[in-house]
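After this come two complexes, each holding chain A, first together with chain B and then together with chain C.
Up next, the complex of A and B:
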């Protein structure tokens, strides 16, 4: 499904919508802390009313973020098979109420993450993680991987065009020996080209002063809006948790 | 196979996170040299390569398509340690850039796709390589079959682990989270047995392509030609390490098993009770018991996990000593 996401964008349009909306301009740290807290708490709720409240908050966040709903819906479809499988089986075994609860709970967790992914520039997201003290080896790998993914997916789309020009339409089924061979060789070719690029890119990075860690060039400071978002989401999460645990009847 | 948040029972997700952090930290410590500055771009580009290769869809019948998981392929190209780190990066990218997977479920997703899949893929690949070791290097067909078997096993075992996690979640939360074993196990295994065939065919194709076009890019040292024949070959260093990889996967499943076992009688106990043989005094009583509630079970599970991990580390050490002796003067 990731294919569909990249494929549906033009150019490097991964961050197509992040720059346009107010949500995209917030500090990544605040968004990460607020949304992660909310999602973690939403994932453990078992009370139907509380799950409904968390889903409402998630939908409110989605609408308020002003991100295009069709775009989010397309991303949401990637998670649907699993959610559907789980909800239907729970529905069959434990009744319709539990099935709907499962659907609402998983959606309440998935939607905020989609808003975060679509409404934040990828670089800001990784830089935010670094500023939140995530080990440098991980954030540097993430930043490098993101850069290479854009490069290699262009390479793959060029190869797809070339295959299509020769009349190849994809393998028909698992017994289509020729079709699968073409797909395997395409994947192999992507890897070979990536190995060749790796050393060149390393040399390039060294020339630009790369020293184990990608240093974020952009500066970001926490403003009042960021604090409001993070504390708002965390407060909702805290209330939901206390009610769930029975502290407040 | 990306599990979303809110599907698994909190305690199962927590175990997943603990196991993931322990394994990931151990890998970072053990392979510190491999992940040095010069190798960072290489690991990143391999992750990107696997991520992009995952975009290639193949048909699995009935109008549906599957795609490569790539864990086994990654491990066969550059060894299990780098594969675990690289696959974790792939999962993080998928989660953060596309919202695939989740936060609480990241531990379990990483266990299934970034740890179990590469370890099983690499383990099976090394074991079969050891078994097929003869004086002559095996032909293309044999190589392809070995790679295919490893790739299929990696997907199948990862799916089985995922099904197990769903079933345990269901059992410990009395149906609030997870999916009942009677649905989860056949559905996950059935679908992934077929997806595994696609994975096997594509992985075999990719490896054969790499062997013929760019053999230098496969950094796992191919010791086939040097390996000893027969059982001596099986007991050589690579094989012992492959067994270790599979033992680690086994150890990872232990805490969940004990958690599950503590929730009710297991199949054997139930059969014994039905047959009226339950309640007899056991022949041997063990110093440890996995307890009556799930905290003591969790404790016993973690103890078991550590015991198997230590055993595995011991084998690894023996294997290293053996290798040193072989290469010594």
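Up next, the complex of A and C:
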């Protein structure tokens, strides 16, 4: 089979659905405050019933966000090895009940974060962090890191297509020395090409007078929906915490 | 004071590859100059050198009366707007208007709103203001990149292969846009037709300068074109054929506009005229009957006027 190498620039897989759902239109600051408050509190819960409630709230948020469930499921699958590792470790040392509790707790933390990541444009997320007084050096580094990761994946995708176009089917196993050699060369080429492109992007930034900060020009304002989301999540987190601490029976 | 003066500039890469040798060039205010040459001729290197990205170099680059060196490259760069060959390398922000505003905001310029509006209008991208740049077509990305540069209001525009990678329509639109801009430009390209449309004069570069003149003069210098590894534009080749067939060719046109101008001039001079000749015919085996219409427009010299 013959493939044509059609270069695609700046794919936005991560931000694919953020613009299509109501959750994506909310102010990033409100989402950050609400979800991080909820996640931090969920992480310290030890009561099984409370953990179950927090997981239910996380699932409700996921459903209400209207983000495609398959998309979130794929993202969740990436986290599964870590969640399993934590849950199985606890299960081995403290029994199945604690193991399940650990799985539910980590899921209650991971799911809202996935909703936040998939339901917010990456740039808005970092810009929101900056507006929440996170130092510019960190937010700009995050923005540039994301830009360069995209660049690296673009180059990798091009090289993979070009390789397949010339009939390479990949290393069949660890003893396929030729296949492994080709993969090693590809990795080297991807790095070299990415370095070159990274240099071009740096020059592009310098041409636009970039000094140290990337912030949005148009600033969004907090609306009633934003306040409702942030306060709603914070209120649920507060109730869970007070019950956990025994303030409320 | 000229916006850009280059005196005896030479540059070699770290591995010893010489990219430019003894190049001198001067561009007046509002002048559009094309740097043409084959791949590896040093065109892009020249633009990046002027933008302060290729140091050290021998000779002098003077921008707006100030000599370029390592210490003032960042400062002088605000006077030159470099359009990269690949627009993806210079688009950073999530929406078109944010990206156009990015440069002026970084430079601390005033009236960002006005600048952005004017730059987007000048590049005909005002209707894309809220769109995501990375979802636009390649041609539109080029326009967005141009708008981003225009918003910084540089004294000189440096355009690196502006028409490369564009489909014919986007290419024609971009040429029209650049042609209509009242800006000082240095355009590196191997698209000779585009250079002929946009530029007032051209420099043939192949490490060193081979020739300088109008695009007509450049395409007339056949041997030099061959030495520089450049192909004549198709329209020039057509007129060369016409010339060999006895058609009076004063000088070779390098673009369609120049060809039309040339034809009009010849017809005016000889008192001939052009008209559209429409006739109907159909080829049906060896028989010819006149059933289906076919239109042809030809430059026609009536026999009775010969």
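Everything below uses one rule, namely that the second predicted complex is superposed on the first by the 225 of 249 C-alpha atoms of A that agree within 3 Å, B and C clash if a C-alpha of one lies under 4 Å from a C-alpha of the other, contacts with A are read in each partner's own complex, and residues count from 1 in each chain.
Just so it is clear, a residue touches a chain if its C-beta (ideal position, glycine included) is under 8 Å from a C-beta of that chain, and two chains touch if they have at least 3 such contacts.
Because the structure is predicted, anything quoted here is derived from the model rather than measured.
J.: Overlay done on chain A, so just call it for chain B and chain C: clash or fit.
T.: Aligned on chain A, chain C fits beside chain B.
J.: Between chain B and chain C, whom does A:201 touch in the aligned arrangement: first, second, both, or neither?
T.: Both partners.
J.: Which partner, chain B or chain C, touches the larger number of chain A residues?
T.: B
J.: Looking at A:211, would you say it contacts chain B, chain C, both, or neither? Reply first, second, both or neither.
T.: Both chain B and chain C are touched by A:211.
J.: Contact-wise, after the overlay, does A:124 reach chain B, chain C, both or neither (first, second, both, neither)?
T.: In the superposed model, A:124 contacts chain C only, not chain B.
J.: When the shared chain A is used to line up the two structures, what angle, as a multiple of 10 degrees, is there at the CA centre of chain A toward chain B and chain C?
T.: It works out to roughly 100 degrees.
J.: Scan A:47 for contacts with chain B and chain C and give back first, second, both or neither.
T.: After superposition on chain A, A:47 lies in contact with neither partner.
J.: Once the structures are superposed on A, label A:85 by its partner contacts, choosing first (chain B), second (chain C), both or neither.
T.: A:85 sits against chain B, while chain C stays out of touch.
J.: Looking at the overlay, what does A:56 touch: chain B (first), chain C (second), both, or neither?
T.: neither
J.: Per the contact definition in the header, classify A:242: touching chain B only (first), chain C only (second), both, or neither.
T.: It touches nothing on chain B or chain C.
J.: For the combined overlay, can you note the least CA distance between chain B and chain C, rounded to whole Å?
T.: 10
J.: Where on chain A do chain B and chain C both make contact?
T.: On chain A, the residues that contact chain B in one structure and chain C in the other are 147, 197, 201, 205, 211.
J.: Within the complex, which stretch of chain A touches chain B?
T.: Those residues of chain A that touch chain B are 1-3, 5-6, 14, 36, 39-40, 42-44, 46, 75, 78-79, 82-83, 85-86, 89-90, 92-94, 98, 101-102, 105-106, 108-110, 113-114, 116-118, 122, 125-126, 137-138, 140-142, 144-149, 151-153, 155-156, 170-174, 176, 180-181, 183-192, 194-195, 197-198, 201-202, 205, 211-212.
J.: Under the definition above, what is the set of chain A residues touching chain C in their complex?
T.: Of all residues in chain A, those touching chain C are 9-12, 121, 123-124, 147, 197, 200-201, 203-211, 214, 216-218.
J.: Mind pulling up the chain B residues that touch chain A in the complex?
T.: By the definition above, chain B touches chain A via 2-7, 10, 13, 28, 35, 37-38, 40-49, 51-61, 67-68, 77, 85, 89-90, 92-100, 102-105, 166, 173, 175-180, 183-184, 187, 194, 197-198, 201-206, 208-210, 213-214, 217.
J.: Could you please specify the touching residues of chain C with respect to chain A in the complex?
T.: For chain C paired with chain A, touching residues are 48, 51, 53, 74, 77-78, 81-82, 84, 86, 88-95, 97-98, 101-103, 105-107, 112, 132-135, 141, 148-149, 152.
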